[in-house]
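Just below sit the structures, each encoded as structure tokens.
The two complexes that follow have chain A in common; it is paired with chain B in the first and with chain C in the second.
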Partner chain A sequence: MRFTKSLMVTSALAILSGPALADMANEMTIVSWGGAYQKSQLKAYVEPYLAEHPEVTVVWDESSAEAVAKLRAMNEAGNITWDLVDVEAADSIRLCDEGLAMEVDFDESLAAAPDGTSASDDFGDSIVSDCFIPQIVFSTTVGYRTDMVPDGTEPPSDICALFDLDKYPGKRALNKRPLANVEWALLCDGVPKEEIYDVLATEEGQERALAKLGTIKDQVIWWTAGADTPQLLADGEIFMGSTYNGRLFSAIAEQNQPIGMLWDAEMLDFDGWVIPDGLPEDRLARVMDFLFFATDTQRLADQAAYISYGPARASSAPLVGKHAELGIEMAEHMPTDPANAKNVFVTQYAFWSDYRDDIDAKFQAWLAK
Partner chain B sequence: MSDIVLTDTFKKPLGFHVAVAAAAGAFAGIFVGAAQGSSLLGIVVGALLLGALSFLAIEVLGRSAEKAVRWGILALFALGGFLFGGLPGLVMGLLFGWFFGWFIYWIGFNRYRAKLVPYLTSGQVLWYYAFRVICGAIFVFLITPILVVMPLSFNAQDFFTFTPEMLRFDPAGYSLKHYRDFFTNSDWQQALKNSVLIAPVATLLSVGFGTLAAIGLSQPHVPFRRAIMAILISPMIVPLIISAAGMYFFYSRIGLQGTYIGVVLAHAALGIPFVIITVTATLVGFDNSLTRAAANMGADPVTTFFRVQMPLILPGVISGALFAFITSFDEVVVVLFVGSAGQKTLPWQMFIGLREQISPTILAVATILVVISIGLLTVVEMLRRRSERLRGMSPG
Partner chain C sequence: MTDATHDTTARGKPGPMLAADGTPLKRSLARALRMQKIRALLLIAPLLLFVLVTFIAPIADMLFRSVENDIVANTLPDTVEELASWDGASGETPSEAVYQALYFDLFIAAEAKEHTKLGTRLNYEQTGISSLFRSTGRNLDDLGKDYQKTLKKIDKSWDDGAFWYALMSGEGGEEVLESHRLQYMQLIGQSPRSIISRFWCVIRGIFYKACPTALEDIDLNFTPSAEAAQMLPATVAAYSDFAVFTVLADGDVVAEEDPWEAVYAAFAQDLNAPGTVEKIQSYSGPGQAELLAVTENLADLPAPDFKTTFLDIDKDWGKIENWQTIKIYSPKYTSGYFLNSVDLMKTPEGIDARPENQRIYLKLFKRTLFMSLVITGSCILLGYPVAWILANLPARKANLLMILVLLPFWTSLLVRTSAWKIMLQQQGVINDTLVWLGLVADGNRLVMINNQFGTIVAMTHILLPFMILPMYSVMQTIPPTYLRAAKSLGATNWTAFWRVYFPQTVPGIGAGSILVFILSIGYYITPEIVGGTTGTFISNRIAYHISSSLNWGLAAALGTILLGVVLLLYWAYDRIVGIDNVKLG
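Up next, the complex of A and B:
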């Protein structure tokens, strides 16, 4: 008796709320990186979405750093608990190749730009794989302590200051992965920028990059998390170090630390969503509905009010406004701003997917020496 | 005891007390010198200063002027510290001045032997104090990381850094904002709630199963006792990551992965070995004729267990429960596998906080947890002593 009654109530509710909502799950687990970046996603599109859909609840899981391993385990256990996962572009390529992430039809699933440009054209080059829905452009770049610049010396403005221990003595912090480090090493060893990846493809080129890094090796602290370098800079433990540009912006503008940053030879990269493969239909329907909303032109531009990462859509760039709390114009802090992007590397996904394992192994062996 | 003088005090020879004081000064000088830029200079200055002070105090001014001399040394060090390092230097100077003022007289008038029996050789006296210094050093080594965390949690900045304002004891360098963040941030509150919901239930399960298993395994007629024991305590021996991965796949198949019950069961499995070990240890001293006596008087086994056996093994059960609780409350590896984001516990939240955003909120949480742990342990220990005293079993 009670069962039929509740069945009637649910079906009545389903009819009332309309056919579109009836088959959507109301709980979403979103995986991201935590910290200021996750906060920017929360403010720019999760909270607005929840305001429109009060029946939905969102659970955050800060596991993006282990996304590939965890998605593999979930796939093997046949128990996908995540609905939407924020990953770096390189990870999305791996997930796509292994069939762990779902392929997306951009023009069908995502909003077109306000002027009618299709989503795939609007995202342009940032679509690095069929499974990857880009959100932001970030860069790996270098920050330094302004109060530790030697007296009578210009503050560094050139990436090769990293390797110049005579002019800028002091410890450095570098990523414990070869990406960016080896490119910078070759550039500062005199390799013309356009030939760097040709050189890096050869055995001698890799040796040469490691030899250049070897000139500063005893002065380097190797970091593994993006928060390490800002902490080391704030401590005065290091003179300069590489990290993500948003971290440096936060330390400089929000925490008022005596830190300066260089944009020279910044390494541009993308971050975005992937949808785990094999979601049940109702959860998938909710995810697609959220994604359509969260990746439109205005939402991506809004995100830049909370963190200094550039929106991945071309049509969002003119809409970037001021910082939500500090009221700073954000456009000039974007890695894609023309004044900052005079000399940039764009991460070469094709190159790195071919050479990553090899160079990684050599780099780790060299580190252990 | 403390006022009894076993050995007379007398003035030590000049060479001895000046040399010892100079050595102590040199040792302290290493650290002060390193902080000021030159250890070598610190050693030389420290040795000369303390040697001279010792000579002055013991040989020239003597025992009668002790009070004035010690105040003088205190003032001298405080002034020196203040000139070198401002307010923090003053505090350090006061500490050093107090210690050396006492030390010079302690050495110079043989007071270090006052509470020892007279027939000890110099070597034995030296070892007596060296042993205590070593114990103290080990204690400091264990406790310092925890103590360092506490002032940092009051940092006004968002970094794990002693800022210049903090070192100057400037109130502007301190803030309660990380504590406010902990109590107002929904992520931390959710994590706290999860931890508080998971740990006690897991503890109850561990204590229930662990106590029963220990009692069963202490019966001589149970077959394969050693093998069963080895299996039951294996979660403690197998590397945690292996248990965690195994639990992940097993729980996923049976639909427990990512559920509250799944995490509680996993933590109970980790806690059971601790309970078994502590309860087994107390059962060794348990006299089985008591249960036979109870049975003889008509008590059934359940009554016997609760009225006779349980009160006697209670200390073992309580310490096992404490270990099981701490295991669950501190655990991060298994919950990362078995739990989903909805079961995020405090250690999980601290773990991601450390990796992604080095925020002193973690230190504030750590400080709160340390205070709670100290309180909890104190209360349990006091309760245990009280119940022992009431039953008249207290050894002391």
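Up next, the complex of A and C:
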């Protein structure tokens, strides 16, 4: 509508006039998750960008886990100290809805693919909200202790092994939030994959999912941080548990733990940038300049050399190379690799933005029972 | 002074005592005291002000959110007004007038991107409203676009912003415009600048830089014509919204911009209102010819059916529950958050219990209180002997022991909690030892973490210093001679302890208990890490609503209740034990 039109014109002007408008702030506060993921961002695009722009300094803030609440507080206080925030896709929708994140015109602000495909086509389905610039695809999947598989039994390869206590006895670790758990429960309770969200939208469907989870409830340790499951696996506390695929990769490839991965029915999700709404012009100009660089095809492919999360651009996939330190081919460790992605769920953001509070309330009440 | 006293006694009259300067002594004394009090107040004023501004005010503001609910009335002002006459329990969807008000309310809200905020707010009460508002906001243009096309076919001028401006502007319509400006300011959560903030702006302008012009002071360069408003009321209203938004939000000039789609929808509605055609025929102002041309083509411009439009966009607009939710939550203040925090809910028929499978808060409140009491109790049991030993050892040894008490105090909370994880888990140190000793079978290891037990153990450990320190400082002041005296008078060890020593330590126990109990009732990190499902506190749920679901109203209500419970217990403690009996040293 009118507003977006004028926004487009101004951003087009900004790009046309380019360096002439070089009124850019030289300090940028980037918010991320810390740990290996932040390191991959540092190596893949922040350090290369700083090499090109030595006048810029980057301040990291490891607050992504509380980004939504903090951005809202900053917005209410009228003092936004962050320039660029890394959040999960679901949070970006919330931020966009609350008017806390800025809407981005993909084709105007981001680099096209090397073959000329426009940015919006190249990012494709990963653009889950107007405010969200995706970086990586990650998945929630299940890892298990290879040395704890009962003798004479095949190692698990099906998601429903989670619910099969006879064949695979032992404790499980699952997320203390309903996401992924309820989908898996319904799938293993015989609901066809394409009907899962229709079923989950009904009261009976939600009860059915909880009832299925109830069959293993006393064997489950509920995790609240992605690092919990690899730790529990390494300690031998659990036989199998869900977590993010990158966490399992580092436990397996970097720490050589006897852990196997399921990939079956992995829950694909995106992580990416949002720009806080209401940045002053000079800071916004710097952020846009950085984003144009940091989300191009090569940079996203480079990130995969440091962490086993897939690039969000289609054009980056063929460029994924070897791990920077371990020297293993990374393509086969990507959640989007065809061999891994035979059976996937893509998180239904629209569904979850509606049902998250409702199902979470029921889920927590059920947990406390 | 002596003279003065002498004077009065000499005269034999029992007059008031006078000070040296002749004023009555009482008044003089009062003045001196008052001066002292003011001086004391001035001395603590910086701290008082600091605490007030940085601590009390934010807390009060946060707690206020537990009843605040003006977002519905601010975002959908006309809809709320129309809905007042709708009976939520009738089982029928609201009338066309409500849908019509909703269309124009939602249109400007969608332009200002405020509609999704409201969607999020209402989604806390009724699942599905969030995406309903989001998708509706995207599709509101379509209705007006059709009319726009038809009008353009009749005459090109209808697609021209300048023509519309000429048609709409004139004299006498200030009131209409100002009411729409006020509505827009409410929509984006801005109130007109108060005298205080205007004064502040003047000061700021002198010393720093001027405030931006207040929204209510910006010249819109547009005055609706009273004649047009009388002839085409809905159109002028929609155009005023458009004008306000164009200037205040986009910073553009009204005359140069093409009106948005809602104006066309409003125009079509006006045209089909009874009497409009006659009014147009007797109208002689700008756009007369174009208006007459339109009246001849009325068949192409049927009245908009707002209800059908909404139902086409999303059939959920026909769901009674959604409308009931909007109506229930339309007042500016709501008890809804508080009801939610005690597992109740608002329905059209009144207050009702929440469905069984959603009840959680009362349980968590009870659990929080119970576990805090247990933790306080175990801290007393474990801390008392330690404090006694500390108080009765020679100073050198006591200091060494004191360091041992304080050492964990200086270690990070997260580290201590994680250490307990390693100790207590099934493959952990304690279980390994028990299995090695043969006390527990390998296949039957104890479950000591991710449950209530784990939380109680870890929190008792973490809070123990808060219990030991006040007990220790009280015990230190008890002379050992008392015990000896008791025994020399024939008391047994137990009687001497229970009748003589223990009563004197009660103030220490009281202080420690209050500290530990109040700290543990609001504890968050430790239960989150080691609490599993049965050992989490209400604070974990508050944290979820603050940082994850963004339902700050509910979080504020839960927090207010928690604060109320603490104050109530404090009051009860004061009544039963007496707060004067609490000693920290």
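In this text, the second predicted complex is superposed on the first by the 347 of 369 C-alpha atoms of A that agree within 3 Å, B and C clash if a C-alpha of one lies under 4 Å from a C-alpha of the other, contacts with A are read in each partner's own complex, and residues count from 1 in each chain.
By our rule, a contact is a pair of C-beta atoms (placed from the backbone, for glycine too) under 8 Å apart; a residue touches a chain by one contact, two chains touch by 3 or more.
Being a predicted model, the structure only gives us computed values, none of them experimental.
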| item | value |
| --- | --- |
| Clash-or-fit label for the pair chain B, chain C on chain A | clash |
| Touching partner for A:D125 - first (chain B), second (chain C), both, neither | neither |
| First (chain B), second (chain C), both or neither touched by A:N79 | first |
| Superposed model, chain A: greater residue contact from chain B or chain C | C |
| Touching partner for A:E207 - first (chain B), second (chain C), both, neither | second |
| First, second, both or neither for A:Q255, with chain B first and chain C second | first |
| Touching partner for A:D235 - first (chain B), second (chain C), both, neither | both |
| First, second, both or neither for A:C96, with chain B first and chain C second | second |
| Partner chain in contact with A:E62 - chain B first, chain C second, else both or neither | first |
| Partner chain(s) touched by A:E195 [first = chain B, second = chain C, both, neither] | neither |
| Doubly contacted residues of chain A, that is, touched by chain B and again by chain C | 65, 235 |
| In the complex with chain C, residue positions of chain A that touch it | 1-3, 6, 65-66, 68-69, 72, 94, 96-99, 171, 207, 221-222, 224, 235-237, 350, 353-358, 360-362, 364-368 |
| Residue numbers on chain B that touch chain A, as the complex places them | 157-161, 187, 248-249, 252-253, 257-258, 340-342, 344, 352-353, 355-358 |
| Residues of chain A touching chain B in the complex | 29, 33-36, 59-63, 65, 73-74, 76-79, 81, 225-228, 230-231, 234-235, 255, 257 |
| Chain C - residues contacting chain A, complex | 111, 113-114, 116-117, 119-120, 123-124, 127-131, 134, 141, 246, 249-250, 252, 257-258, 260, 357-360, 363-364, 425-428, 450, 528-529, 532-534, 536, 541, 544, 546-552 |
